[in-house]
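Letters are used for the chains, namely A, B, C and D, taken in the order the chains are written, and counting of residues starts over at 1 for each.
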Amino acid sequence: MPITPTTNGGLELLCDSKKIHNVNIEQQNGEGKLIMKDLLSWVRTNLIKERPEMFMKGDTVRPGVLVLVNDCDWELSGQLDTSLEEKDVVVFISTLHGG
Amino acid sequence: MPITPTTNGGLELLCDSKKIHNVNIEQQNGEGKLIMKDLLSWVRTNLIKERPEMFMKGDTVRPGVLVLVNDCDWELSGQLDTSLEEKDVVVFISTLHGG
Amino acid sequence: SSYPTNGLTQDMIHRYSRHLMLPSFGVEGQANLLKSSILVVGAGGLGASALLYFAAAGVGRLGIVDHDVVELNNMHRQVIHTEAYVGKPKVKSAGAACRSVNSSIEVVEHQEALRTSNALEILSKYDIIVDATDNAPTRYLISDCCVVLGKPLVSGAALGMEGQLTVYNYKGGPCYRCLFPLPPPRTACQSCAEGGVLGVVPGIIGCLQALEAIKIAAAVGEPLSGRMLLLDALSGRIRIVKIRGRSTHCEACGENATFTQQKFREFDYEKFTETPLRVPPLKLNL
Amino acid sequence: SSYPTNGLTQDMIHRYSRHLMLPSFGVEGQANLLKSSILVVGAGGLGASALLYFAAAGVGRLGIVDHDVVELNNMHRQVIHTEAYVGKPKVKSAGAACRSVNSSIEVVEHQEALRTSNALEILSKYDIIVDATDNAPTRYLISDCCVVLGKPLVSGAALGMEGQLTVYNYKGGPCYRCLFPLPPPRTACQSCAEGGVLGVVPGIIGCLQALEAIKIAAAVGEPLSGRMLLLDALSGRIRIVKIRGRSTHCEACGENATFTQQKFREFDYEKFTETPLRVPPLKLNL
């Protein structure tokens, strides 16, 4: 399934400084469904090249990271259980504190 | 067909100062197809309440008005012949000169 | 004349005429703005542009909190300060600049760092709070104080080539802790002094903070509450995304929250975030 | 030290340190910026914020064109001017402000209106042109002059509660005439003096113009060419839309265009747009 995870707010530094990732992910089960939990572990394995603790804590993202599915906070769509569809844009962004 | 024409950059003043118009437009022919030419004349008849010459000139928009279909200049999709689909966002925006 | 002038003097009518003739702002919006008070915490990169536009627009009482002095390496982004003020307190420099743009408003200088011991007293004097600071513990401190006092908070941040902006605690919307109940790891919190920042990026975010605070003060338009603006300056991309609403479980503003003024005064923000309230700058060796 | 400093002095390294430590900008970006020259046409609402950030960022040579004097009713948005300069030329006021922020750059004041008779000579001295003007004929004039001279043009506009921004004539991208081959009717062209403008809106657009010009000058990132930013301040919406590319039929830059320096000098922009190059302000009676 073609999908576009994007890493911003400093998280791109964990991915060879690449922000936009056009990838194709195989469905994780027989139902042909992909949920955010699957994507998260796929990103953790395939895109994060260093300091994975700056991306995840336990089975979800670390504190201070917002997750947006098609420009909408994943808290509004079921977090780890959010279903993904083809061409969805998923943004992982670290909150900034500078000024 | 549900569609959202939006008037900006001063064009909203021709439409009772309303910018976003959630409307439902009947297809203009038997094929069930709606093109920008149809939408333009629909907007001219139903949304423009005053000074129509500030919106159209001949059978197209007046000079200085940009037309965007789903955030893309209609010059790139065939202008008046651009096919519309359900929930398309069409923006009519007058270019600004102030500073 | 038959127009209502809502107590505006002839000088004000002249100065703010381009606001008054705007149908969506007008005399009422300007009168609201002149009656309002806004506090900007931080006279750095974000505060620089926000303060200039607040002063120019005619915010009635404009407060500035900062404990720092102007340094030469601030000047690539903190355009409110001039070279003549290098080594002098930022509140003095910013205050003078605001008055030179608009001598008809009240400008209040708070030359101190914001702490749990002084925040309630300072923030309670203003209608709207603008977070233009540069570190995580102060951001939690300001948000909690706004929740306790019931003040809207216009929060901006900038680092590197990116910026972020939202409005917290506005008419039932989320607070900072609703979004970030747990602090990020210390190593995820770079400041501009540590990580660098393109100067105009906080300039853009500071202007957008001024816009949001002016909309709230003037009671016009739709403030950016429940939404967050994300700027990626390098690629020229801006997203405005929908974020969660108020969390029922939020420790500061949730249904069963017990976050009182007393609890705020005793909360240890440095321990909570494992970060000092004042970040010592790293030296760049070239 | 083993870092390359590209000719930067110790003072520059100190002043621009937050730019130098940015991986995507760095010493090379700063050195490019210090070698560049940028001309801002118009020291009004857009020029005010753009000029401050150009000066602070270290644009090597910064030109300002304006024929006007500072008025009190400019000051709600033109934050580069202080009350002390009311009645004095805007270029003097803006020039002094730029120098007070950064005395190490060159600031050039062109105290005159831009016309077909002087535009080629003035614009040819700069690498990048910023359109911060307020009327249709000058916008066509600047764009055509940039096409004839082969200069990129960062164009911003603001009116009421809205703003627009794009980059013209950049690396084969469209020019102003590609988008607007025919001028709009006179009555569709309000200026800020006629229609009013919320002061911070040109502030935001001016900062974004500074960002785009700095990206081009420093040779970093993706400039907003072939794209246009649309700001609706009241609703808090920003769209970045894809616009047409260079038009093969464009009279200025198209394949068979015959727009030479000679033709430019003889073109009547006031007649073409049915608008005077200087718009007299309407009086507001309250």
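Everything below uses one rule, namely that a contact is a pair of C-beta atoms (placed from the backbone, for glycine too) under 8 Å apart; a residue touches a chain by one contact, two chains touch by 3 or more.
Here's who's who by UniProt: A, B = Ubiquitin-related modifier 1 homolog.
The structure displayed is predicted, hence computed values, not measured ones.
Colleague: CA centre of chain B versus CA centre of chain C: separation in Å?
Modeller: Computed from C-alpha means, the inter-chain centre distance equals 38 Å.
Colleague: Averaged over CA atoms, how far is the centre of chain C from the centre of chain D? Could you give it in whole Å?
Modeller: So the centre of chain C lies 27 Å away from the centre of chain D.
Colleague: Hey, what residues on chain C touch two or more of the other chains?
Modeller: 160, 192, 195, 197, 235, 240
Colleague: What residues in chain A touch two or more of the other chains?
Modeller: Residues of chain A touching two or more partner chains: there are none.
Colleague: If every chain is a node and every touching pair an edge, decide which shape results: line, ring, star, complete or other.
Modeller: Shape of the chain contacts: a line, open at both ends.
Colleague: Pairs of chains that touch, anyone?
Modeller: Taking the chains two at a time, the touching pairs are A-C, B-D, C-D.
Colleague: Spell out the residues on chain D that touch chain B in their complex, using ranges where they run on.
Modeller: Touching chain B from chain D are residues 42, 44-47, 132-136, 139, 156-160, 162-164, 179-185, 187-192, 195, 197, 202, 228, 230, 232, 235, 239-244.
Colleague: Under the touch definition given earlier, write down the residues of chain D that touch chain C in their complex.
Modeller: Contacts found on chain D: 1, 3, 5, 8, 11, 13-22, 24-25, 27, 49, 52-53, 55-58, 72-73, 75-79, 81-84, 100-103, 160-161, 192-193, 195-201, 203-204, 207-208, 210-212, 214-215, 220-224, 227, 229, 233-238, 240, 284-286.
Colleague: Inside the complex, what are the residues of chain A that reach chain C?
Modeller: Residues in contact with chain C: 8-10, 19, 53-54, 62-66, 68, 71-73, 75-76, 91, 93-99.
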